[in-house]
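You will see two complexes here that share chain A, one where it goes with chain B and one where it goes with chain C.
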Partner chain A sequence: QHNADPQKTAFLLRKQWTLYSVTPLYGFSSAHLKHYARLLSAFTAAEKQKGLAVEVGVELDIKVTVSNIPDLKGSDRDQDAILVQLSLRSSASQKNSEEKLVWSGCFCCVSGDHLSENLPEDFTCLPLFLANGAEGYTSIVGSWFQKTFDCCFRRLAISPLNLSWMAAMWTGCQVDKTTSAMELVFSAPCLPYPLDISYAIHPEDAKALWDTVQKTPGEITQEEVDVFMDCLYSHFHRHFKIHLSATKLVKVSTAIASAHCDGIIKFLQSKYLAGVLTLLTELAISQIQ
Partner chain B sequence: MDETVAEYIRRTVLKIPRDEIKMILQKWGFLSEAQLETINFHQIKDNISQDVVQLCEENSADIKQAAVLDIIYNNIYPNKRIWSVYQMNKTGEETEFFDLTDFKKKFKRLLRSALKNVTINFREYEDNAIWIRIAWGTPYTKPNQYKTSYVVYHSQTPYVFISASVLRSNLPLLCQALVVASNYQDIREMELRSHSLNSLKDIVFKRYSQNFQTYCPRPLTERNVAPETVDLRIIQENRNEKERIQRLNREVFGDGPQPKIEFAQYKLETMFKSDPKMDVLDKKEPFRCLVKFSSPHLLESLKSLAPAGMADAPLSPLLTCIPQKARNYFKIREKKGFLPGSFVSP
Partner chain C sequence: MQRRQSSETLKKPPQAHHKNQTDLSAWRKGRRTDPEKSVQSHQSPNDQENDSEQDSLEEALSYFGQVQDRVSLRKNNVLQKHLTTVESIAVQRGLPPEGFDVLLKVALSGKLADTVNTRLLKSLVPASVIPETSVVSAVSWLCVSKCSDNIQLLFLRWLITMFDFIDHKEELHALYGFFFSFLQDEKMCPYVCHLLYLLTRKESVKPFRIRRLLDLQVKMGMQPHLQALLSLYKLFCPELVTITLPGKMKTYFKNSEGPWKAAINTVRRRNQANSPVFQTLFLGTAQPQSRKRKWNTQLMIPASSTNRNNLEEDREKNCVKLYSRDESFPVEQLQTFSQLLQNIHRLEFPSQMGSVLTNPLLLHYMNCIKDESVYLRLYYWMGQTLQEECTWCVADNSQYEEEFKDFLETVYKTECFLQEGFSSCEEFLYKSLPLWDGVCCRSQVLRLVSWIPLGTFSEMKSHLYDPLVQLFFTSSLYFKCSVIESLKELLQNWLNWHVIHLDSESDSQVHSLNTTLSGLVNTVAELIHFVGRISTVALRLENNHLFLLYFILDFYETVCDIYLRYNLPLLIMPPAGVFYPALLSMDSVNLNQLCYIMYRYRTNLVAAKENDLSKKKMLQFKFSSQTYQEYNQYLIAMVGCLWTSSAFQKDTHPQGLRMDDELLKKTAVKEVKTSFNIVNHPAMMGYAVHFLQQAWPDDTTFNFSLIKGRRWDWYLEYLYSQGLEGLKVFIESSINRVSQASHSKAENVQV
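Entry: the complex of A and B
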């Protein structure tokens, strides 16, 4: 376990992040971060000039910072995570002007050795990208990185299978104050009138169930996840006669984190941050390969 | 005309879809036909509403007229709000003659004795519905016309439909006023909520086509079905099964359109039961869950589940009982004793 300073990674908590997989970056160097920030800043300003609607009257400057976060990694073989932040600064008064953080993007690789192992030297492996803020800025920053480092961004979809894994894994985690239910959200969009079902279980009861399913602490098998989900499905069926397995699992929420099939995540506990990022890194790598 | 009244009228008109504005203003009747003729209803809504306010200024509109316009708007577009259903009861069988004037007087008196700052308006409709609009203030502030509660009371029935809005603290007072004014003894909130006021009425007034529990002797196979020109090479597998599902669905949901509700919520406090072979949880305490169903038209959606293969037919009575029980919020506990696996809903 890497000794991470939780303060450095706290910015990830309790915010909604949109997930992307990123192919390895060619020619990227963490020695040139300030240079990249300047280039990206110029690029962003140019994109703005091209005609993105800006508030009339107030001239807003976009300030770009690119920094690295050595604390955000799984092992020493991982690359340092890179954080890109966009702030709006009113250029009316240059000194002491308020800066408002409007967009954050984080490239990281947590225990992603198997991808970086066979890469030639010029490539940097940071397969997981998290974005928070307006879609327009994500698009601009993404375009610049794609052009500059010849990489490719793709939205990270999370399948119902992976969501079930998260449900099982996160239910088993020890949490100090069990306040949040373990919630599964299902969707049946193809009916004449679409149906959404939210199935929330008291976290103590969900954990009690999982603890009897999991045979070896520290290890989870696909079979155990299947048994866990089948138990929940059959409890539901007993009451409502509806087969949840015939619907689509679209979202999982626990006290640890919540994940949506469209590739949206929210981290809620710093203790388990690394664990969730490891899982997401793996999903990103699978999507790339 | 008061600034706040002008602004309120302007905002109310802006809520109305442009094509409906003239009709609603006519229903309102506060502006004359001649005045309405002077408005260009093809311009943008901002300008239409300004013109309306101008004319209201000429007629010296006050808050009472503005409130009536608001009632009319909410009566035509009730689905913008969430409605809860309340039932009043009293001992004694005689149906007393309902005196509208007396009702209004008592209602206003009770509310005003507790709260000086409150705007109360009534409007009666042909279907015996009395609409009441209440704008709430505090002992120190004027009524907030944007934080209003609505009550729809059908005087021939013990049912009241309330759209309370944010200020739920005024609800007990409102309920008390209703009970006193209508000469009932008490009032209770039913576990039934929806955006669709008409569907709530359908459910409590039993205006939907109910399924009858009698055995239905296979009408599907006996009916004369017009011969379809189908390709004889295509065989319908499981035809019997499909027909069985359709029949059971009809028995349970009835033939007619379902009342429109958007959600149902179940708080489950039943035991977790599993196959003993699976060697999983075997606790003596309830497995606590909260299940929420939502859909633009929930009952029709549930009805389509079995034919789509996503549910067994017949669907669970926990779902199909919603219109009969007139509720969409449930607390389910295990039924002790004779029938294991059956549920009780208090």
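Entry: the complex of A and C
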């Protein structure tokens, strides 16, 4: 297990992140991060005012920082995570100008080193990308990375199957204080109007149910996940006469994290951050291979 | 005084690197004479019109070379005459290289009225090339500002239009700074930008110039000519400046060709072979996009240079020279094959490998440079794009089918070009075929199938054959034909791959499972058996449709020749479900093709047997006796049908034509035995009718039994002359005719 400083990764918590998978970056070098920041800020400025040229390296309204986060990885064989931040400068005064963070993006790889096996050295594997902020900025930064490092970004949707895994895994996790309820949101398909069903369970009840289902602690099988979900479904059916198995699981919220099938995640517990990122890295890798 | 001096120096003949020395000396000689006199001497008649034109041009040039003071056009007949001479020759033939120095000088020196200068500049059309020295001296005249603004502008436009006709450009490049300084002039700015655009090289891009251009941008706002020049700067030095061009823009520079357009076209048409190729604008914009695409997917990417090379510079400034690939040739500028050849050593792959798909020159380059990274980059991009854009896997994409079709088409063409399949494409097919409806992008998908690389059988079965077979049996006749055709191409691609790798086997390091000979033989055999099975069922389903049979036999035309043509020890006979429908086909094309295929089987089997006997090679691969037996059974049936009329008795194939006489009698068909010989066979009857009509024009009874004995031979000759080549080679090889006269004694030749 990698010992990480929770302070260094705290920026990820309690924010909504949109997930992407990214193919290996070609020709990327962490020695040139400052240079990348300069190019990217000029590129961003040029994109925002199409048709006007921007000199690289001058002070611009938009500031880009690109930095390493060595604490965000699963093992030493993972690449260092890369954090990209966009801030707007208020142009009032030059020296004491305030910077307002408007967008952040994080490339990471947590226990996903098997992707980089057999890859030549000029590829950097950071298969999971998380973005927070306006999509316009995501597209500018993303396009720049695609053009510069010949990589591909794809939205990382989370299938209902994986969501039910998350529900089961996170139910079993120890949380110091009993906080919010566990919530599952289902969507009924093929209706002329959207119909969402929210299913909230007291976290202790859910934990008690999961403990009866799980055979070996620390190990989860597909069968156990199915049994767990089936129990929840039949309970619901008993009360409301609705077969949730015929609907689509679209969102899972627990005290650990909440995940939406469109590929949006919110981390809530620093302790389980690495665990959730490992799972997401796995999903990202399976999407690019 | 000064002017005089400069005109003195310029009077020296242009430092001669021109081939037309004779013209030049003639021109110099003429110049010494008095202008008035030369007009007089011109009166002497010349035989050849060309010669006279040449003379009058020389006189005109010498006149313009010596003009001293302002001469009014209206009052001076001599000036008028020479001006007209220059103009008419320029329009008709273009001016010789040595004329430019004099005429540019006089036009830009301000000695004559602007109307004359304008007319002179407009007639400066080169017959071949423009000497660089004349342009350089003209620029020096431009810098001393003797001429009016209009003439300055006209000269710049002329220079832009004629840029590619200038014989050398080194000294012109040295004047880059002078041209750059003209940017201040608001009127000249657009033309100077255009000229700088033509002149700019990587080393011309300097931070102070960028700053000057940005200042101009602040002053003048978004100007297309500034945008164009700045994006060229960005292309060469992306680490210094960047710009995003708006997509709609089409023209960046005002048309400067105007006055010379017609004349230039004439000249270019005349020396088409060696006329310079015009440098086209290569700004990476104006990509027509049919829809507002998501930012993260782009089906067609324009090639653009990588800028990684510049990153080294700020780190280790001293080591720049070691790293620097300043020499590299921007892929944006790569337009012609000869450029590729000249710059292949300093070319780099574009920043996004996906752009090679639409760039044949880069594909050539890719073919030369075998680099793992190149294929990996393409693999990732293509894999992601195919999955993201697939119209039947992703629900929202269905409206973009046409675009996706084009993309698949492009991928297929690239595979054909490189003569190999992409693994990303293979994976895509494996993932998406089970979800495919067989309609969406049909021909594109089936074509891509033909480039699936050779895999193990279990892989092929679950990923390709199983999903394909479900669609095959439930789809239209046309779909069935298309599947058979693409499987034939798949087979051919595998076999070609084998032949190529057979040659380079010694030096190749990769020897995975499926590249061993036995692995290859097994996989190919499975494909052939698979096609045999689905063909049998399909013929039943479609009532032995001729069209389908045609595609199936086409497949077997490749199969029957594998041993000899592709050097692979494998021969598989078609199943009875294909052979008998073809033998009894109603159509002569199919029957003829079957004959040809049987002939090739025979040739291959005979060759195999000979090799076997001499134990030359491939000892571990022997054709089983079953193959020979199967061939012989088919041969007996065929000869029995077409020749000896004994198929019903002699056919030994369990699924064959053998029938008891009792049963045959019950059919009540007259002369049932001969009903499938080359005269009575339903596929041949048309020929027999025609033959009878020609042999006995008056007889309308169509007595087929007349065709026997010597007439049988004539009939055969007639058939051969009708293009039934397959039948010919089959009969000549497989039927041993004991006596020419009696065909009944003939018998089949077994292997």
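In the analysis below, the second predicted complex is superposed on the first by the 275 of 289 C-alpha atoms of A that agree within 3 Å, B and C clash if a C-alpha of one lies under 4 Å from a C-alpha of the other, contacts with A are read in each partner's own complex, and residues count from 1 in each chain.
Everything below uses one rule, namely that a residue touches a chain if its C-beta (ideal position, glycine included) is under 8 Å from a C-beta of that chain, and two chains touch if they have at least 3 such contacts.
These figures come from a predicted structure and were not determined experimentally.
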Partners on chain A (chain B, chain C) - clash or fit: fit
Partner chain in contact with A:P120 - chain B first, chain C second, else both or neither: second
Chain B versus chain C as contact partner of A:S75, first or second or both or neither: neither
First (chain B), second (chain C), both or neither touched by A:D196: first
Touched partner set for A:F43, first chain B, second chain C, both or neither: second
Vertex chain A angle, Cα centres of chain C and chain B, expressed to the nearest 10 degrees: 110
First (chain B), second (chain C), both or neither touched by A:G27: second
First (chain B), second (chain C), both or neither touched by A:R154: second
Shortest CA-CA distance between chain B and chain C [superposed frame, angstrom]: 18
For the chain C and chain A complex, residues of the former touching the latter: 210-211, 213-214, 217, 222, 226-227, 230-231, 233-234, 238-246, 295-297, 304, 306-308, 311, 314-315, 351-353, 372-373, 376-377, 380-381, 383-385, 387-388
Of chain A, residues touching chain B in the complex: 181, 188, 190-202, 205, 208-209, 212-213, 227, 231, 234-236, 238-243, 246-247
Residue numbers on chain B that touch chain A, as the complex places them: 266, 268, 270, 272-274, 278-283, 286-298, 300-302, 304-305, 308-312, 314-316, 318-319, 332, 341, 343
Complex interface listing, chain A residues touching chain C: 20, 23-24, 26-27, 29, 31-32, 35, 39, 42-43, 46-47, 50-57, 119-120, 122-123, 138-139, 142-143, 146-148, 150-155, 288
